[in-house]
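Quick one: structure below, then a few questions.
Labels run A, B and C following the written order; every chain starts at residue 1.
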Amino acid sequence: MTDNILIERPEAHPGVTVIRMNRLDKKNAITRDMYGQMALALAEADADDAIRAVVLSGGPGCFSSGNDLADFIQIAAAEGEAKNVIAFLHELARFTKPLLSAVDGIAIGVGVTMHMHCDLTFASTRTVFKTPFTDLAVVPEAGSSLLGPCIMGYQRAFAMLAMGRASPRRRPAKPV
Amino acid sequence: MTDNILIERPEAHPGVTVIRMNRLDKKNAITRDMYGQMALALAEADADDAIRAVVLSGGPGCFSSGNDLADFIQIAAAEGEAKNVIAFLHELARFTKPLLSAVDGIAIGVGVTMHMHCDLTFASTRTVFKTPFTDLAVVPEAGSSLLGPCIMGYQRAFAMLAMGRASPRRRPAKPV
Amino acid sequence: MTDNILIERPEAHPGVTVIRMNRLDKKNAITRDMYGQMALALAEADADDAIRAVVLSGGPGCFSSGNDLADFIQIAAAEGEAKNVIAFLHELARFTKPLLSAVDGIAIGVGVTMHMHCDLTFASTRTVFKTPFTDLAVVPEAGSSLLGPCIMGYQRAFAMLAMGRASPRRRPAKPV
């Protein structure tokens, strides 16, 4: 157990659980251990009558850079290693209470697609959502090829999920 | 029969029926009697070959504040009392001609959800749509939990129908 | 065989086929012959492993004014005359590779609806999309009554496909 995932119960908002990714030195890249902790926190919040809503969050300037790639390779290499990822995705999909997310800054890969399972997402104006699935030669994950077109229409979902276009689209910085 | 519902056939637009709510002293709160008259007007317009389109409308500054709550309690209290409401909703859903709506100002509850059955809604810039279902501890009505996500996407529909957020969102007025 | 349809393989973009309508003296009105050539080009691009994406395009200021009406009358008049149109629509619907379109200026009728089959459409700011189906007393074509609501929501699709409203809506020019 690490403190890479913080489970918070804000005093000012009884009934709310905040699941906060807290591995900022790695831009909140998500490991199997973190997936497992988030899955458990969701399951517990769903079962706890005192909890009425859950907020997924990250840190200032960084929601999540997505899967930890070193960890991801081990997931791909051995059977059974994906179980925490699958548990998290199942909890996202079957969560029965209002699920919100709060995003500031970097949101990559699963740091984008998990919001498609949320009832509402609040993003700061400096947030950039990007899913470089094609660059990594992987398919869109976490039900995003189903949910993306429902949320933003087929064409915009194609631009994001298949072409890897950032949203909002940022122009390359001008060379000095 | 009251004049709370006006059925208009504008001379300049032959072929158009305007169904206008006209109970402005009660902010166009809708009673069983008014539901019944609107249901009948829709059925007649649909059956009349001279009518090519119907417009649902209210008054200046007020489309409708939704169900008349005193009336609504009686509907809830006795079997059979909902028949006019149900008749109106059925007519909305099965109406076969272009159905439009014109909205200015207050639009609350069913004053919002009836537009989801319209082919087009024209709203003035000072219109505020709001569905306080959660505040009233009732579920979203009139097929809005199905139609809302189709029209505005799941997340915005959740904000409106489940959280009761006004659209467009108004900031609370500053205290003096 | 005419040069009304140009099949281009841009040197700077190997793997891309551009199908360009090039009948600018008739505002790229599409004839049976042109439908047939475009259907063939799509089928060949889909079967050619060297081709990775196709772009549908027109000329400067004019994507397409839609069906050539003289030709369209002949299609309606005789059995079998629609076969090239149908072949084109089938190729659009079953095309398996990324299909893009580039639009500048006039886009009318099927010059609008073919984009609904594309994964992405890039349109210049001076493009106007318009489908005057009701004016011509024809029904929305090319699957647009299904795809339109998926892309832009039911109400906007109704405004475009049933009411023939241009998008973006242009005000009539002021009389001098």
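Here is the rule we go by: contacts are C-beta pairs under 8 Å (C-beta built on N, C-alpha and C of every residue); 3 or more make two chains touch, one makes a residue touch a chain.
In this text the structure is predicted, and so the values were computed from the model without any measurement.
Colleague: In degrees and to the nearest 5, what turn takes the CA positions of subunit B onto those of subunit C?
Modeller: About 120 degrees of rotation relates the two copies.
Colleague: List the interface residue numbers of subunit A and of subunit C, divide the shared ones by all numbers used, and answer same when the ratio is over half, different when under half.
Modeller: different
Colleague: Between subunit A and subunit C, what is the separation of their C-alpha centroids in Å?
Modeller: Between these chains, centre-to-centre, one finds 38 Å.
Colleague: Where in subunit A do residues touch at least two different other chains?
Modeller: Not one residue of subunit A touches more than one other chain, so the list is empty.
Colleague: Name, in rising order, each residue of subunit C that touches subunit A in their complex.
Modeller: Interface residues on the subunit C side: 98, 118-121, 150-152.
Colleague: Under the touch definition given earlier, write down the residues of subunit A that touch subunit C in their complex.
Modeller: Going by the criterion above, the answer is residues 149, 153-155, 158-159, 162-163.
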